[in-house]
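Below are two complexes that have chain A in common, paired first with chain B and then with chain C.
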Partner chain A sequence: MAELCGIVGIGQTKLAAKRVDVSMPGLVREAADRALLDAGLGWADIDAVVVGKAPDTFEGCMLPELYLADSLGAPGKPLLRVHTAGSVGGSTAIVAASLIQAGIHDRVLTVAYEKQSESNAMWGLTISAPFGVAVVAGAGGFFAPLVRGYIRRSGAPADVGIRVAVKDRLNALKNPYAHLHLKDISHEMVEQSPMLWDPIRLLEACPSSDGACAMVLAREDLAQRAPTPPAWIHATAMRSEPTMFAGRDAINPEAGKMAARDLYAKAGITNPRREIDCAEIYVPFSWFEPMWMENLGFAEEGAGWRMTLEGATALDGDLPVNMSGGVLSSNPIGASGMLRFAEAAMQVRKQAGEHQIEGARRALGHAYGGGSQYFSMWIVGSEKP
Partner chain B sequence: MRDVAVLSFAQSTAARETERNEVEILMPVVREVIAASGLERSRIEFTCSGSSDFLQGQPFAFVMALDAVGAWPPIRESHVEQDGAWALYEAWVKIQTGEVDSALVYGFGKSAAGNLGDILAMTLDPYCVTPLWPHADSIAALQARAWIESGKGSERSLAEIAARNRAAARSNPHAIVSGTETVDELLSRPYVASPLRAHDCPANGDGASAIVLAAGDLARSVSKRPAWIRGIDHRVDPAALGVRDLTRCRSAELAAQKAGVARDKIDIAEIYAPYSHEEAILREALGVPDTASVNPSGGALCAHVMMSCGLQRIGEVARRILSGEADRGVAHAAHGPALQQNLVCVLEGD
Partner chain C sequence: MVEPVKSIVTPIRLEYDYTPGRATSRFLRGIAQHRILGQECPSCLKVYVPARGSCPRCAVPTEREVDVQDSGTVVTFSIVRVPSENIHFELPYACASILLDGAGIPFFHVLQGLAPEEVRMGMRVKARWVPTEKLGPTIASIECFVPSGEPDAALETYGEHT
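So, the complex of A and B:
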């Protein structure tokens, strides 16, 4: 029953610590204008707008999509606002795609953003609800114990995280939109950076960024006429599980494994490592690369770190991971998931410039959020599914 | 389009929940709506919710709410930072893709912990308007004043709307306020923000609501008379009050047209109108005939649980179709200052 959906336009802003040159409407407009330009379309061609961002408290604006309606050309159109924690950028793209797949609209604009410089994201993530469980300082405070658990369980060498951090920052040097451009990045530089949440060092953590990402999605026959060949959506999947309960494996969460299985089944993939050409995944702290390699079924449980050590995830490896520099190089939280999804689409459209993987025909985009409990992912390809 | 129906509806409202958190409010509502749907919990293939972090005053506030639905093994799930009515829309879209045949939808909010009228100032232009902290009642009053000055109604019409809603609310156990006052009694009361008096403003409260949806054959297999969604659409207007004609609601007009309100008779309308004049503006925008019963629940004037209230309107119409009390009805949800964003849902029995 579902219609085919193609990604015909992709735009992103320059990602930076503080985009003081633009307001929030200016930021989302920058990404949306670029996506429309890429699609060769105007505002009147868009039937509906789907906006995603992480907590409204980051900017201190409640339901900001109402205020942003004008800058996104939404008046007179349907406007949806998705929020599924850190996975939101991915979920937003999936909701936008479902509007095409269901046959409801012909062309949909989807935009995700975060302007973190309006507040302090680390303390914004330090949840201390009355009578609730305090999750210590920042997201790193929550995730460091999971990383320690992973190292203990897998016996991974201590420097795997450092290698990921160096690789992703080297990739970011090839991406003009990336926030961090650390020209002299090295193993020693990461190793000597301050320990924030043991074992996560400063340079093994993502930065806090301002930025937006936008995509134009279109029905099959319209996508075929796009000026640049579209990326076709082969499969999407979302899964959620509760934050905590006895017996939950937060290091290798069931929701992620289940979403990946569902995704591969829908895309007709039996050997993801061989059949997927590159993957852009949500790695806010370096150690999550090997952890997600296992969760996504690219490596056996306990062996994900070997992929990093062997260079399999480098740009010239057999499964390049985070070609754009990833979340470790730019993290406007609400937009980060969509940036991953968009990078996968850029790769199969041969639009990734210096970080283009030669011959990329099928790519994975992945995002997660909450306490490693919300997962969204898609597979896009240069050919129709 | 696939046929999709509401199978069941449950709600909980209170002026102030002092003993229970959001999960504790939601759990019995979710249990009740699933039991009444005729579907086993394991047969519900998608879950979607609507809520606002700002009501709980913490980021990712909806994450803990997952505990109320028992997301294990992991579930297909999504969340909108909008009223539960938009969560229902997302679930309806998901069913339209053919990927799932059933969905649980819920909306919840606890606004009594803060002052909702002040908090809503944070939905306005953050650079130029929010710093002035206009109260929600004041913004509504600007619209009410414009409506009266256009000659469409008077302060007496506002009191008549309030009196009818308050009288209707007497038979609704989920209403937060109700009353038997005459129009003259209401008109003798002081202004909150001229021309609005306290009874023209919403009875804000805490609570949750939930709906179970199912597609065609599945709905028919468990329900003798499902409440079919015959049309659903939502539209938004520009944010700034100065660029809109506040005496009408164009986005609601458009959504009503797309949802096909006028295609057949309307027995009942449940309109999300937290202010008296909004009911009149929306009645006109939606094309609700004079013969229809409007807000038999007492509406948002008598129980306004932000983020759940729109889903409750859909539930109130569906409930009356499920029971055979009505054959065709229209439900409406709104968001934003002076009715900026509107959703319209047409429901019908077989």
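So, the complex of A and C:
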């Protein structure tokens, strides 16, 4: 049987367009120091470090895990780097958890980051393949046709994406770490923002952020002694699928559905909408909220947009989604998945401050990456599973 | 007082030799001869274009070659209004996912010859090739797609490919 694993420390940096005050090592150190402080632990208490970030071509810093080893306190310890595109922050946390669950280590530090101000992700993602023609402009260029396909298939009203964009930015106003604090955000403001990749408007897309997130994970007996009660990991799941194959449903990918089924089975959940108190999911473009509601089994296929429209995903709804303001309010790509996982843990530890959901006992953290082809998710709870 | 160095710009370059492999080489040679070659999966019978030599879904090699039409249907699209260094089309342009007639999988190309706001899902389109003397083993031999003038296709005929 796997060991039980608890999250005993959580730290994140202020997420911002440009953190010129810190280097990459300084950025990850800031998050790691905060996670250790939260855990009441020192560097000597850490047995291994697991770090994640998006492609090296973004910042042009090859093998950043070696460059960051000192700032992550890794010399003399196992150091492992994880890479699964945009979902990497989630899968990094899962790899770190598996080192505890497998009984290999007692306490593991896991960190994920991106310094987009020192990178050019749009360039990095606009692939000019040999003998081909670059036509897909960045992540938005890839996902916009999927959004259009979803709107057509589901018959969703045209303003669902705008509503998500407003909701998440209002939530971000309650989160001091969030990058975007748009105090006068409104339906009109989003609607009138320029179309970047029609049907995706500027304010329906995530910003480019610098930031890092860190967590300290510990074995059951050690987690029990943490100064703040831990978030217990009830289940984790990861799945992937190729970007392109005949018959692929890229709007509602099979890999995401499989991961969710596996996750709920492991957590003993039969009715996710009722049994999960809140969810922090990876929504880089507003329409992905309804799309992932369906993929995650919170809504029937074609009905995810109704949850948004009915207010079910608002802070006072029956399944609050993206309490922190989500990826739409801060997107340090490599850290974005871990920030989702960390928010889920903060909720069940009652550490979410103004965006705390009253009585959150079980929360879902979710990340996806690539061409909607990598999925990672976990369920954490205030009680042991 | 000396200004502290906060960041420096260090451009990087990556050059590599690309080996397309057997299937893609045949596809690219076909393109140079004004032909679009696909490969049919012996298991699910879907036709892959460009041919990659295998079906990722069935995990089997695809060997049977079939000619695919240079006409097709716009499965979905986006109107791009953001500049990107690697992209050389004038903004805004329509980036369309196109299902060629006879193909089992769509691919992205640029749609021109109409105002971006007139692009529709289900629209019928045709390849516009570069002049014969400029044909080469590259997708760039197809300059773009343009409307063919046929009536739009019904959602049922392409919906599963969105």
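Basically, the second predicted complex is superposed on the first by the 380 of 385 C-alpha atoms of A that agree within 3 Å, B and C clash if a C-alpha of one lies under 4 Å from a C-alpha of the other, contacts with A are read in each partner's own complex, and residues count from 1 in each chain.
Just so we're on the same page, a residue touches a chain if its C-beta (ideal position, glycine included) is under 8 Å from a C-beta of that chain, and two chains touch if they have at least 3 such contacts.
Computed from a predicted model, the values in this text were never measured in an experiment.
Q: In the superposed arrangement, which partner chain does A:242 touch: chain B (first), chain C (second), both, or neither?
A: Both: A:242 reaches chain B and chain C.
Q: Quick check for you: in the superposed arrangement, does A:98 touch first (chain B), second (chain C), both or neither?
A: Touch partner of A:98: chain B, not chain C.
Q: In the superposed arrangement, which partner chain does A:168 touch: chain B (first), chain C (second), both, or neither?
A: neither
Q: If you stack the two complexes on chain A, which partner ends up touching A:54: first (chain B), second (chain C), both, or neither?
A: In the superposition, A:54 contacts chain B only.
Q: According to the stated criteria, A:370 is in contact with first (chain B), second (chain C), both, or neither; which is it?
A: After superposing on A, A:370 lies in contact with chain B but is clear of chain C.
Q: Return first, second, both or neither, reflecting whether A:280 touches chain B, chain C, both chains, or no partner chain.
A: Neither partner.
Q: Under the stated touch criterion, name the partner, chain B or chain C, that contacts more residues in chain A.
A: B
Q: For A:138, is the partner it touches chain B (first), chain C (second), both, or none of the two (neither)?
A: second
Q: Give me the intersection of chain A's contacts with chain B and its contacts with chain C, in residue numbers.
A: Looking at chain A, the two contact sets intersect at 57, 60, 127-128, 131-132, 242, 245.
Q: Please name which positions on chain C make contact with chain A in the complex.
A: 6-7, 10, 12, 14, 18, 20, 24, 28, 41, 44, 46-48, 55-57, 75-82, 84-89, 92, 95-97, 104-105, 108-110, 116, 121, 137-140, 155, 159-160, 162
Q: In their complex, what parts of chain A are in touch with chain C?
A: By the definition above, chain A touches chain C via 20, 57, 60, 118, 120, 122-123, 126-128, 130-138, 140-141, 144-146, 148-149, 152-153, 194-200, 242, 244-251.
Q: So in the complex, the part of chain A that touches chain B is made up of which residues?
A: Contacts found on chain A: 1-2, 23-24, 54-70, 74-85, 91, 95, 98-99, 101-104, 124-125, 127-129, 131-132, 238-243, 245, 253-255, 258-259, 370-371, 373-374.
Q: Which of the residues in chain B come into contact with chain A in the complex?
A: Contact set of chain B toward chain A: 1-2, 21, 47, 52-54, 56-60, 62-64, 66-67, 70-82, 86, 89-90, 93-94, 96-99, 119-120, 122-127, 130, 233-240, 250-251, 254, 335-337, 340-341.
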